[in-house]
């Protein structure tokens, strides 16, 4: 009965799909909610000595037509969250809605959701064609429809020539495509992807990134994508949720996540950051003076509510710091360079100032021939006032 | 809906169904037709024998006493008798000799197979596997066939002129021992082979690099590393050898018995069920102790890492 | 050039000869038995020309035929029943932690641990004390019991090696547990089931001592019949029927081996 409920006939990439204006305001009326998780707790082996809480109080809303990524280090709970959405794992507490329907108690076969598994889980005893047809057959679609959809899927992932091969005789990239076609064939409204690129080598991974993103645009299907690779997450997603230790750390667009990290964890995990200990020295309206141990004082525009004497962390990206041999306007320092690493398109300096160490990355070349430094040099640091992010947690 | 409970089980079978519908039939069949019968044998070993098979329901340890003592017909006193002890001793002795011989053949054979190329290895394994599964009765008959006084082996020996009368190759302890080796040799080669296959041959390179001779390398490196495999293989031969029935029965010509035949006789001709039950319990106990010891050992080894 | 003549670092001299001798030791008696089954003469010692006459005699012997039929029937039923029981047990126990797991495993493999002669007398005592008449049915029950672990172990091993996410994928693609079992688990398990069945079949055909004790006076199996024929010593008929059984087992084994290999490849 439940299955019948979503035997709908939305064709892939149909024009009826409402295009959602991405990255516009939070409450655009056209936005439909694809998946919604509220008050989710997941505890393995509850009430035993091995009890382990994998997910803590997760509240998450995923919009329709969105490329949404769950990002976090291994063991952070992102795969568990995806498995809960897919129905492979039961929740300890909370509810899970998919397109408005409460699916908390439904088994996987009763959810309007399909999954691309990490190791693809292609059925080894079936050909590519039979693999792709499987979901449609289980839904009881007529043979002619199954055949035409499978052909369309094969074309979509450019696997038509390999339709009669068994998965064992395919390369990693080809298997990945078949897994994708198999999950897309039943025309789910929501596609779950569990680190689908992690089994591929670097070149192929970068190529598949573009393909996946194009596919998502084309089909308009909501993607929930799990990865531990931040580069992947930033490059592909409309929005990213960063998880750590079973907790949701931050949800936002890639730009927000990178430029406006809201916690030490996010700042540290996404890209590289210098996390500097600072004390609030003076507050003058929006202008706050921080004292950095061993580096001197700096004035920053700051919207956070702070108190004089409060200890905070300033997070600043290595490429946002400029070095110079003389103290500039808002110059900090001096710091001593103790290591210089040549990276081809940039040079990375490691600096020590008092007890803190910093990393600074300077582009090579460029219009104004940037000054080069050597280990042992004393340098001053400069950055734009909006470059550091003040973190209180 | 019980779906949630089923989600995490591999075949998404509910717990109840898994136990009552799937596990219970097999476990039940074995419990009723295997464990219960063994329990009955245990009980029977403490009863008195009825005249024509069966038991009389009186408690008695006579079955166990009979192994060591003979009851005097006249005054009913117990007198030490070595008759059955000799049979037990012969069983252990034959099984031990058989195990040693199997080791001596199997170690080089298994090692040799493990170092073959991927192409020839399956052929060797098939050659060893076939006797493992082929009917034991027929293999024993085949061995008797060539060991007979006018069998091919004796004929070949006489043709060389070394002897004019046939050598007594069959119907004696030698034949039983050879029969045990013949029966259980594959039991040793196959597990040893899989142990050797996991052997890290770079250890040998390291040994040679450190000036070991081939002989030293084999005895000081290969065999010690293979010790667990050697012990497992030995037990796999030793245990069925002790209780073996066919080899002593056919190749021993009924004269030189082992414990397996002694037990069988109690239930076929001699009609002393409690005595047979007592012997069965002893054989079973020895076997289980050895197996449990082995399981403990390997379990400890697995957690030791 | 010097390298080419260097011995394989893993080789030990003499091992190859021992391996060859070991295999010869295993095969020579069987080979002689087979060759002499084609001997024309009455004597099993003197070669007197090639002939199929003893095979013809065997085929004309109604006692042997009846025993063979009995053996095949019992082996077929015992292998099938034990395979089904073992499949259920394997499905229930694989990748599942539960209370009494060790006990269940010990029970399922118990028939392997008990010496055959003890199983034999235990079965006899059990049936007699229950007043069951010994015969075909008691042989069958005994065979089913000792075949279970032989079927259980390969099926369990194959299930353990099976990727659990395949079942998750089937569920994700709208297959109910029962349909996932039929479409995914069973086809992937088929080679394991077949080789488990074949091994149980061979084990059942092979058994002598347990059958001998629970057979009772009326019924017989091929090994029992051959054992009976041995009272007259080794006769050409014994050679012929033994050779036929040997060839039968080897064919079954080859099938099981091929199935096992094809399943390993997939």
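By letter and in written order, the chains are A, B and C; residue numbering begins at 1 in each of them.
By definition in this document, contacts are C-beta pairs under 8 Å (C-beta built on N, C-alpha and C of every residue); 3 or more make two chains touch, one makes a residue touch a chain.
Given the structure is predicted, the values throughout are model-derived calculations rather than measurements.
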- Chain closest to the assembly centre - both centres taken as Cα means: C
- Of all other chains, the one whose Cα centre sits farthest from chain A: B
- If you average the CA atoms of chain A and of chain C, how many Å lie between those two points? 55
- What is the distance in Å between the mean C-alpha positions of chain A and chain B? 60
- Task: Take the average of all CA coordinates in chain B, do the same for chain C, and state the distance between these two points in whole angstrom.
- Result: 17
- Per-residue overlap in chain C, given as positions that touch at least 2 other chains: 171
- Note on the structure: By the touch definition above, chain B meets two or more other chains at residues 6, 12
- Item | chain A: positions in contact with at least two other chains | 87-88, 107-108, 110
- Query: In the complex of these two chains, what residues of chain B are touching chain C?
  - Reply: 6, 9-13, 15, 18-19, 21-23, 25-27, 29-31, 33-38, 40-41, 44, 53-54, 105-106, 108-109, 111-113, 115, 124, 126-131, 133-139, 141-146, 148, 150-152, 155, 182, 185-186, 189, 201, 204-205, 208, 214, 218, 239-240, 242-243, 245-246, 250, 260, 263-264, 266-268, 273, 276-277, 280, 283-284, 287-288, 291
- Message: Please output the residues of chain A touching chain C within their complex, sorted ascending.
- Response: 3, 86-88, 107-110, 113-115, 117-119, 121-125, 134-135, 138-139, 168, 182-183, 186
- Query: Mind pulling up the chain C residues that touch chain B in the complex?
  - Reply: 8-16, 18-19, 21-23, 25-30, 32-33, 36, 44-45, 85-86, 88-89, 91-96, 98, 104, 107-108, 110-111, 113-126, 128-129, 141-142, 144-146, 148, 152, 164, 167, 171, 177, 180-181, 185, 199, 202, 205-206, 208-209, 212-213, 223, 226-227, 230, 234, 238-239, 242, 245-246, 249-250, 253, 257
- Message: If we count contacts the way the header does, which residues on chain C are in touch with chain A in the complex?
- Response: 163, 165-166, 168-176, 179, 183-184, 187-188, 265-266
